[in-house]
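Take a look at this one; I'll ask things after.
In this document, chain identifiers A, B, C and D correspond to the written order of the chains, with residue numbering beginning at 1 in each.
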Amino acid sequence: MTRTTIGVIGTGRIGRMHTLNLVSSVPDAFVKTVASRSADEAWAAELGIPVCTKNTGELFGDPDIEAVVIALPSGLHAEAIRSAAAAGKHVFCEKPVGFSSAAIAPALDAVRAAGVQLQVGFNRRFDPGLCKLQAAVHSGEVGELHSLRVVNRDPRAPSPEFARGSGGMFLDFTIHDFDTLRFLSGSEIVEIYAAGAALVDPEIASAGDIDTAVISARLANGVLCVIDNSRQTGYGYDQRFEAFGSKGNLVVGNLRPTSVEASLATGVFTDAPCPSFVERYKEAFVAELRDFVRCVRAGSDVAVTGEDALAAVEAALAAKTSMVENRPVLLASTESAVPEGAVS
Amino acid sequence: MTRTTIGVIGTGRIGRMHTLNLVSSVPDAFVKTVASRSADEAWAAELGIPVCTKNTGELFGDPDIEAVVIALPSGLHAEAIRSAAAAGKHVFCEKPVGFSSAAIAPALDAVRAAGVQLQVGFNRRFDPGLCKLQAAVHSGEVGELHSLRVVNRDPRAPSPEFARGSGGMFLDFTIHDFDTLRFLSGSEIVEIYAAGAALVDPEIASAGDIDTAVISARLANGVLCVIDNSRQTGYGYDQRFEAFGSKGNLVVGNLRPTSVEASLATGVFTDAPCPSFVERYKEAFVAELRDFVRCVRAGSDVAVTGEDALAAVEAALAAKTSMVENRPVLLASTESAVPEGAVS
Amino acid sequence: MTRTTIGVIGTGRIGRMHTLNLVSSVPDAFVKTVASRSADEAWAAELGIPVCTKNTGELFGDPDIEAVVIALPSGLHAEAIRSAAAAGKHVFCEKPVGFSSAAIAPALDAVRAAGVQLQVGFNRRFDPGLCKLQAAVHSGEVGELHSLRVVNRDPRAPSPEFARGSGGMFLDFTIHDFDTLRFLSGSEIVEIYAAGAALVDPEIASAGDIDTAVISARLANGVLCVIDNSRQTGYGYDQRFEAFGSKGNLVVGNLRPTSVEASLATGVFTDAPCPSFVERYKEAFVAELRDFVRCVRAGSDVAVTGEDALAAVEAALAAKTSMVENRPVLLASTESAVPEGAVS
Amino acid sequence: MTRTTIGVIGTGRIGRMHTLNLVSSVPDAFVKTVASRSADEAWAAELGIPVCTKNTGELFGDPDIEAVVIALPSGLHAEAIRSAAAAGKHVFCEKPVGFSSAAIAPALDAVRAAGVQLQVGFNRRFDPGLCKLQAAVHSGEVGELHSLRVVNRDPRAPSPEFARGSGGMFLDFTIHDFDTLRFLSGSEIVEIYAAGAALVDPEIASAGDIDTAVISARLANGVLCVIDNSRQTGYGYDQRFEAFGSKGNLVVGNLRPTSVEASLATGVFTDAPCPSFVERYKEAFVAELRDFVRCVRAGSDVAVTGEDALAAVEAALAAKTSMVENRPVLLASTESAVPEGAVS
């Protein structure tokens, strides 16, 4: 069994998580190189990774490396994809791929030109609960789909500094929810109305961002959607999804570390939801990398493409416009798709 | 113990429910008269109600009768309130009180002029779960309130005929949700964006109405809200409420007839939610009448006033405008209340 | 509509509860008289009860009174039944009817001789959840029944004084569980093994009683059962029931005052179970009286008979013998019913 | 990083599971050899295991191998432990270690003589939920412990052939529950009363075994326990645990593959419990091997010892005697430990 040789670019929180997953849970993969500003050699050595460099060029130039995992600050993603594709590497890239269609287009062009694979890190598409929900929608168990709801709330607000470089909450955080609507429905977002505010932390407002939002969306197939976001719950990572149709309603509820229920004088307690995305989507993060390696090895199509990344970014940008101009915004690429005779 | 003598006007589904509740569960009340087009004497006799008439004038003219319960088709409510007040009767009236501010104003004027009480049938305000949620918001258990969510879905769509005379879904059905936002937050609705469609039944569209909606609302205190409506679930009466704030999230979940859980080869089953509002708000329907009678007897202020009715109607009308014109709509009475510096 | 005239004997906690239920929720009943040592006239007047006496003879001698509700200390039940039957009154009596078969037999004889009805207060037989469970067992939804489990735990231990006069925990408390096994299974208890201890309160042991027990029982149809008792939870009234069979497992879970779920930094909380039997079996307490009055009026058989009371008392006594002698005990009346070839 | 070299003996269902876990999830371990009657070379090669043999002697003779994992039919465990210890290998062995104290003693002697480690496969001790429950008991969150309950029900009954060689249900299956009582309480079982029957499959009775049981146990610290067993649920692997004490009640509930809840016209469905021990204790099976390898490498004491294995076997044998002789049985080793003055 030869393994697929991989390089990881970026070793922040999520880069390290992907690296650990590759090493411990993707038997078909071999991480030869990690490239990052920190170049933490001790950490790499502990994981049995031979090469640790600050020089991504070294990584791109290594003919052994067949594929790269990119987990840089979002603003650097598109350029890194372009370089990787130019070097003939398959690419797994974290979201968002970029902050505008203009920024993303050259990366997607480079991928197409090089004939490599590009998979985007919309990890929820590999979550067993969401997969079951998606299957229920597509098999007709839900009947004709009428509405979708996403509750996405982070445990703790990011720093204003992070917010500044993140592209804003819609691009950094809600982008998962836009992809989820597309994934669950198999349809496109045609119109968005977004209301947002900085209710958690006024510093977030000073950084030009928000931390709380309610977003309405209408899909090409007429389905009405709502997204409910907060950057800070205090009680863990709140992730709930709901698909309602003519035959019923399916909900994906929160996961909890254990099933312990304590009945005490003060009430009945259960565990809080998983503390962060790391625990909540543990299986999904492994599954997305396994599937990426499987596709690279088999030459088959990846499950989450650059086009998916682009569609989610466009939705995020439309949401931003909607919020700033306080009006519903039609998505450019789908303007003609607005259903005839729809009542707003 | 003298009981308070009451007359009931209208004996449709909800009129009969109120009558039965008065007879069997409000010991301080005595139903002397029911007035309705059907004048079902056998039913009245069975409940021990002495007078059954088609003539509401007879009821208004009876000096024994201190208070009336009005449960007519919504379009007749305001006029009935006016007549009752003119006759010096205290009034409990079902929602909506009317289809416009102009229609409601004379009724409220008559109530004020006569110095009688007017309580409106926003039954949820007497539900133990919603009361607990409201108390948690007001006591600070939720922290600073950031968002509210209401899921309100009826078990079975009304007939297109009913839809035609109902004032439309927002006035007939969502009106409870607008009142719930006000009740839970203690704040006013300042802006609404509504998207709706007839996804359950195309005949509803032909009747000029909708059966599915997602509504965003912003409150005077900056709280972001979302309402999720459907006229037909197929699985019962879906009633869920959520208050999210800086200290956590409180949810009122669905009630079920029993707590039986069955683990079978095909999965784990529990009872579906209560089949209709009658079972779901059983305690609340009794409690609102008990409280009305208590206030009438004590001369104290009722918990749900004509002004509450008016505010909910105005929100429903704003939602309708928003949907038709596909734009966010500021509520006239609160226009000046839009928070300074709010984003969208 | 003439109502059935009723006298209540005993106005302790449960006697007052039954009286209130009759007055407010059994429209077919009229409580004319309450007889008790306290003779609380103010309370009776408030409920509109004309006669309040210390003299039960006055009640038995009143020809208007058709039926009596007996809620005395348990040791006085059998004699009161005898007197009531002798006076030609139908009887609803709280459990236990007596502390031995010998004590109960004359009461049942008197009932038979007088041709009156006797219903015993095994309220659980009227609980919607337990009725659903029983129906599932009898309809075959559970398949062939293999085992039953009862968790019965009181919120707060009784005083040692109460324990002394109560007949002991098995007769006073577990007796409901023995009846529940018979009700759910439709079979008889043939053998019991009981282990008990005073773990909550050593004073209970001084009073010759226990407060904690685990009891195994075998039924005539081969079903294996377990009862889990405690006199004190600290977290409310813990009532859970489970029927396991070849097709699956059905559980009746605890009921809670509201469905509110709070997600806070310290965990996810729900309401504790109902605080006491009053709230937990609210519907059942009303339903058993309604059914009793219905049977009295219709002359039809009551749902819980003197024979049911006797069977539960015999089980309680067998459990006591088992615990004291530390051995499994066969029930006298069912000795011949032990299934052939059973392993222990 | 040098890894610990391991040999696996026995490649039935559970042997293969352990092997896969070692290869994919215990980075510190290297499986050099698998020894089994089947000697499935293709399977071994696929997992990257160099040596596949029918000859356990070859494995014991290999100086590279530091530790072995034994997953043979239960009757062969003790002898294999003895051989492994004699060869100086550390041992991880599946339960039960043997069918009698006499059979087990020589193995434990050999382990002691060789100075190697022996860890027994009571996997539940590594389950996050049970660990949380145990911690709550030991930290005093439950208060003074009064009772313990274990529900342990297998999804599908074993074949009568398997039953014949398994030592009987108590030794093969309930043995986990006896260990769980000891683990949760930190106390010893002093008395057992067991009632059992073959209700699932009469062929099990022909094989001299049972498939359904209710077992009472009393611990040295006075705690009352109950175990509820079935060999076949039809709805998955039912694993529930409950610790009740003076401060409250803690329950470990079933785990489910996803958190999806479907509200349909026929009721509200959730996933059935995990289908088998493989999925339910997935994390625990990995954790016990990781901990074993950690202890071997560090020379520290293992968490589940040969003495724990022996205690559980003695409880299982006492349960068998109790069932056959239909009487409570004191455990020999603890006879003197029966608390003074205990009521049965």
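Worth pointing out:
Here, contacts are C-beta pairs under 8 Å (C-beta built on N, C-alpha and C of every residue); 3 or more make two chains touch, one makes a residue touch a chain.
Given the structure is predicted, the values throughout are model-derived calculations rather than measurements.
Where chain A touches chain B, the two copies mostly use the same residue numbers: shared numbers make up over half of all numbers in play. Between the interfaces A-C and A-D, more contacting C-beta pairs are found at A-D. A straight line joining the Cα centres of chain A and chain D is 40 Å long.
One inter-chain figure worth recording: chain A and chain C are separated by 57 Å, centre to centre, where each centre is the mean of the chain's CA atoms. Residue numbers of chain B whose C-beta contacts span two or more other chains: 233-235, 238, 247-249, 263-265. Within the complex formed with chain D, the residues of chain A that make contact are 1, 23-25, 27, 46, 48, 128-129, 132-133, 136, 141, 247-255, 257-265.
For chain A in complex with chain B, the residues that touch the partner chain are 143-144, 146-147, 149, 153, 193-200, 205, 210, 212-214, 216, 218, 222, 224-226, 228, 230, 232-235, 238, 244, 246-249, 322-328, 342-344. Contacts from chain C toward chain A in the complex involve residues 233-236, 238, 256, 263-273.
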